[in-house]
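By written order: A, B and C. Residues from 1 in each chain.
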Amino acid sequence: MPPLSGRRVTALRIRVEHALRPWRRANPMARRLVLLGSVITLGFAFLAAFPSLVAPYGEAQYRHVVGTNEDPAAAEGRCGDEFECEDIPRRLSPDTGFPFGTTSGRLDVLSRVVWGSRVAFSIVVLSTVLAMGIGVPLGLISGYRGGKLDRVLVTLMDAIYVIPGLLLAIIIAFVLKAYFAPGLLSAAAAVGVVYIPQYYRVIRNHTLSVKQEPFVEAARSLGAKPNTIIGRYVLFNVVQSVPVIFTLNAADAVLTLAGLGFLGYGVPYPQAEWGLDVSRAISDVVSGFWWTAFWPGLAIMLLVTGLTLVGEGLNDIINPLLRVRGFRGRVPRRLEPAPAADTPVEVNLSPAPTQENP
Amino acid sequence: MPGDPISAALGDRLSAEQIEVRRQAAGLNDPILVQYGRYLGGVVQGDLGTPATDPRNVRQIVFDLVPATFELTMFAMVVAVVIGILVGAIGARYRDGPFDVGGRIFGIVIYAAPVFWLGILAQLLFANRWGLLPSGNRISARIVFEDPTGFYLLDGIITGNWALWSGALKHLLLPGMTLGLVISGVFIRMVRVNMLQTLRADYVEAAQARGVANRRVVFAHAFKNALVPVVTIMGLQFALLLGGAILTETTFSWPGLGQALVEFINRRDYAAVQGIVTFFAIMIVIVSLLIDIINGLLDPRVRY
Amino acid sequence: MTSAVSDTASGRPPSNVPVLQVRDLSVAYGTPRGSLGAVDRISFDLYPGESLGVVGESGCGKSSMGRGLMQLLPAGAEVSGSATLAGRELVGASDQQLRRLRGEDIALVFQEPMTRLDPLMKVSAHFVEAIRAHRPGVDKDEARHMAREALAQMGIPRTRADNYPHEFSGGMRQRIMIALGIVLKPAVVIADEPTTALDVIVEAQILDLLDRLRADERVGLILITHNLGIVAETCDRVAVMYAGHIVETGSVEQVFNDPKHPYTRGLMASTISLETTALHSIEGYPPDLVDPPPGCRFHPRCPDAMYQCREKIPEHAEPNPGQHASCYLYPGSGQPDPEEPPGTLAAALHA
């Protein structure tokens, strides 16, 4: 790789500085909360990426080779012949060998929780891809074209939006069950549909405003085709609001998945899904075993907290509306017209049109 | 459509031709939109459909079960609003102080908790371990009572049945508090943000400039104005509350619409599911209309 | 720099006891970059029945001065110096003392009338609240009666007292705000850009009302504005602010006909009138108040700047009786260097 020239490094630094300015101006508490959220979220992301590094057992492993944690199903050879196998004990309270205890189905709760983060992240990613993949293009077309199509889509999306998210997910899962075997994909589809209207709405409204920008009008007057305008000019500008929606929706998606799983419409057992594990633990609670329900639920709460802290925190930092009044921007430097010297300088939230070459 | 109620119920007993005849008779072979249009026509006349797996029609089911769901959600809403207003408003008033930071973290964490998990923990502690409260159902089977309205708290008062009233309240506490606590997270956040804005509003400063006492400025101006959007949020949260009620009712064996919906889904009873979902949608529309009316009463700027 | 200008508008002799005495008043805001001195050691007197115009560009600190007097500043702002209102010190007064003074003795009329009334409260309720905050003994009916009278005085029909704010136009709301300000007959009214948000006809009405108030009620009026025309029409005296300093004071006739400070001259030259043939503007920009230039704050933009201008802030000289300017061009401003002709620094800076 060729070394970066000094000028490019400076330009890059200025850009980074500019991007970091709201972060520096945010109050320390907001920054700490975002950092805390990032640590939690990244922690779970690590578990999701490398579950076997942390989980002592497999996701559905109920027995192990004596002396090791190894799953006999994965080991070469047969139990009894080449090596001794042992069942994981049932309903063992948390102790040294099983820090989170075991379930009535001989599963290690810690391993289930760790593997569950993989399912949670997969669903968040897949459902987001689906929601974006449908919501963003529909929003673009609807906002840019307007007319009858726009009105129909707006009505449809509003109708979807009124239905409680969980209820909608249940209905989708219910319908999908008739056609496909339940699994990651159908669960992701059920969760994803809930968030289509949100992407659609934000993108559509943003498109409507970008459409009026001079650079789009200019491109249109130069005879650019609608598809070129949408793809090149509008998309670049509106796509910037997507990460904000994503950070806010991700937390909600984890909860929706958990609710779906709890009702038995998520991914099928024995895949490790936290909501499903809690629902399977209901009978344990009646007999006083707390650990089978406690840990997966705690994992949901932690991950959702982490994602919320990141999403809300970034939103607050980017949106300076609520900044403390004592902090102000530069003194306005114009003679006329005169805004009151004491009004805080509003930072323009709407993304500046990127000056892409046509 | 695969998995339609006729094949689901009779698929192994009838031949394909017989099923086809019955499908034809039931109108299941018409285009989906036609079927749906026919259904909506019924809804307008108060007919929500007829379940395949229940002798009652959906309207009767809804009438039977809606009091349970409403009693639960209303109770939860009151809990959420009270907690949300107290924690949010005090937090905003003493912004960035320990109470504010604590309240915000509580709001985020409690909203992040799955309602069914909180419910199970509550059952574990309050019902199983300490035996303080019942863990499920609306009322214990031992109590004999009449229920003219179906709202047991109300019925207890109307019929003067103290055992019914206190029993119903005891049963309501765990599910109601659980659902209310979870929803309160939203209110804490919204009340706090609104209050932060109204505390900085121009009219608040103008009142200070006239020498109005601080307490009055905070309560009569900032707080009152912050509450107007909270009513709107209450309306928006109603959908969330219904979603939460499905989970809460399932967790606490609460015999309401949410639990019934889950059961009908498990039985693949499309007609019942469609009817209940339609009813939910109608409720959401009615609530948003109500909220508009209340807003008009609260805010002199709103006129029709 | 105290001067009593004859009270031309009312024809009554001005009282020679100032109702408001400001000495070395400073207002500083905490910013992430450091303390921003929006107002820096300003002093002036205001007499009953007198109207003082405070003019300057946006950001010169004139609004901060008004708010500093009311002690209505955001958290992290600091006021120092002294301001005595009829013998009572405002700077450093307790919250309780301030609460009693605000509205009762000193009132502030804001720039934006549209957002200054609580949208959920009837107009009369605003009056009842303000009156009873200061005079708890007044019962509600009496307070409502006072409200109707104050509104009528400002040209709002008595019958509309029980309407909500959104039912009034901007000009009416500003009159309501003024009525609210004067209902308790304060000694001093600070009007901060009271007509900026309004159209010209309404502006004239409002200014007329303020002027009548000053003449009839002997109110000391501080009119903060960037509009020199308003000052010329309504004020007796004028104070010109630049970058937190008062650079010139004098009677309206003196300052408008014969401005002494180079900044005032630039300001007068940049106003547009019928005689304007070419647009003048002052070169450069106001300074950064977190790190202001040394000496006279205007020197980087001043056509007459001398080397000593960046050494020390000039004292207030009195080139004409009653007219004061903080500039080394005039004797009495410090130690002018007889060797150095005006403009040497400016020439060097712009070379």
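Heads up, the rule we're going with is that a residue touches a chain if its C-beta (ideal position, glycine included) is under 8 Å from a C-beta of that chain, and two chains touch if they have at least 3 such contacts.
Quick caveat: nothing in here was measured; it's all calculated off a predicted structure.
Farthest from chain B, judged by the mean position of CA atoms in each chain, is C. Contact counts per chain pair peak at A-B.
Centroids of chain A and chain C (each the mean of its C-alpha atoms) stand 53 Å apart. In terms of their C-alpha centroids, the spacing between chain A and chain B amounts to 26 Å. Distance between chain centres (mean CA atoms), chain B to chain C: 56 Å.
Counting partner chains per residue, chain A shows two or more touched chains at residues 325.
Listed for chain C are no residues, as none touches two or more other chains. For chain C in complex with chain B, the touching residues are 70, 72, 95, 98-104, 107-108, 110, 112, 115-121, 129-130, 133-134, 164, 166, 177, 180-181.
Of all residues in chain B, those touching chain C in their complex are 201-203, 205-214, 216, 220-221, 224-225, 228, 298-301. By the touch criterion stated above, chain B contacts chain A in their complex at residues 1-3, 96, 101, 108-109, 111-114, 116-118, 120-121, 123-124, 128-129, 193, 196-197, 200, 239-240, 242-244, 246-247, 250-251, 261-262, 265-266, 273, 277, 280-281, 284-285. Considering their complex, residues 27, 29, 162-167, 170-171, 174, 177-179, 251, 255, 258-259, 262-265, 275, 278-279, 281-282, 285-286, 288, 290, 293-294, 296-298, 300-302, 304-305, 308-309, 312, 321-322, 325 of chain A touch chain B.
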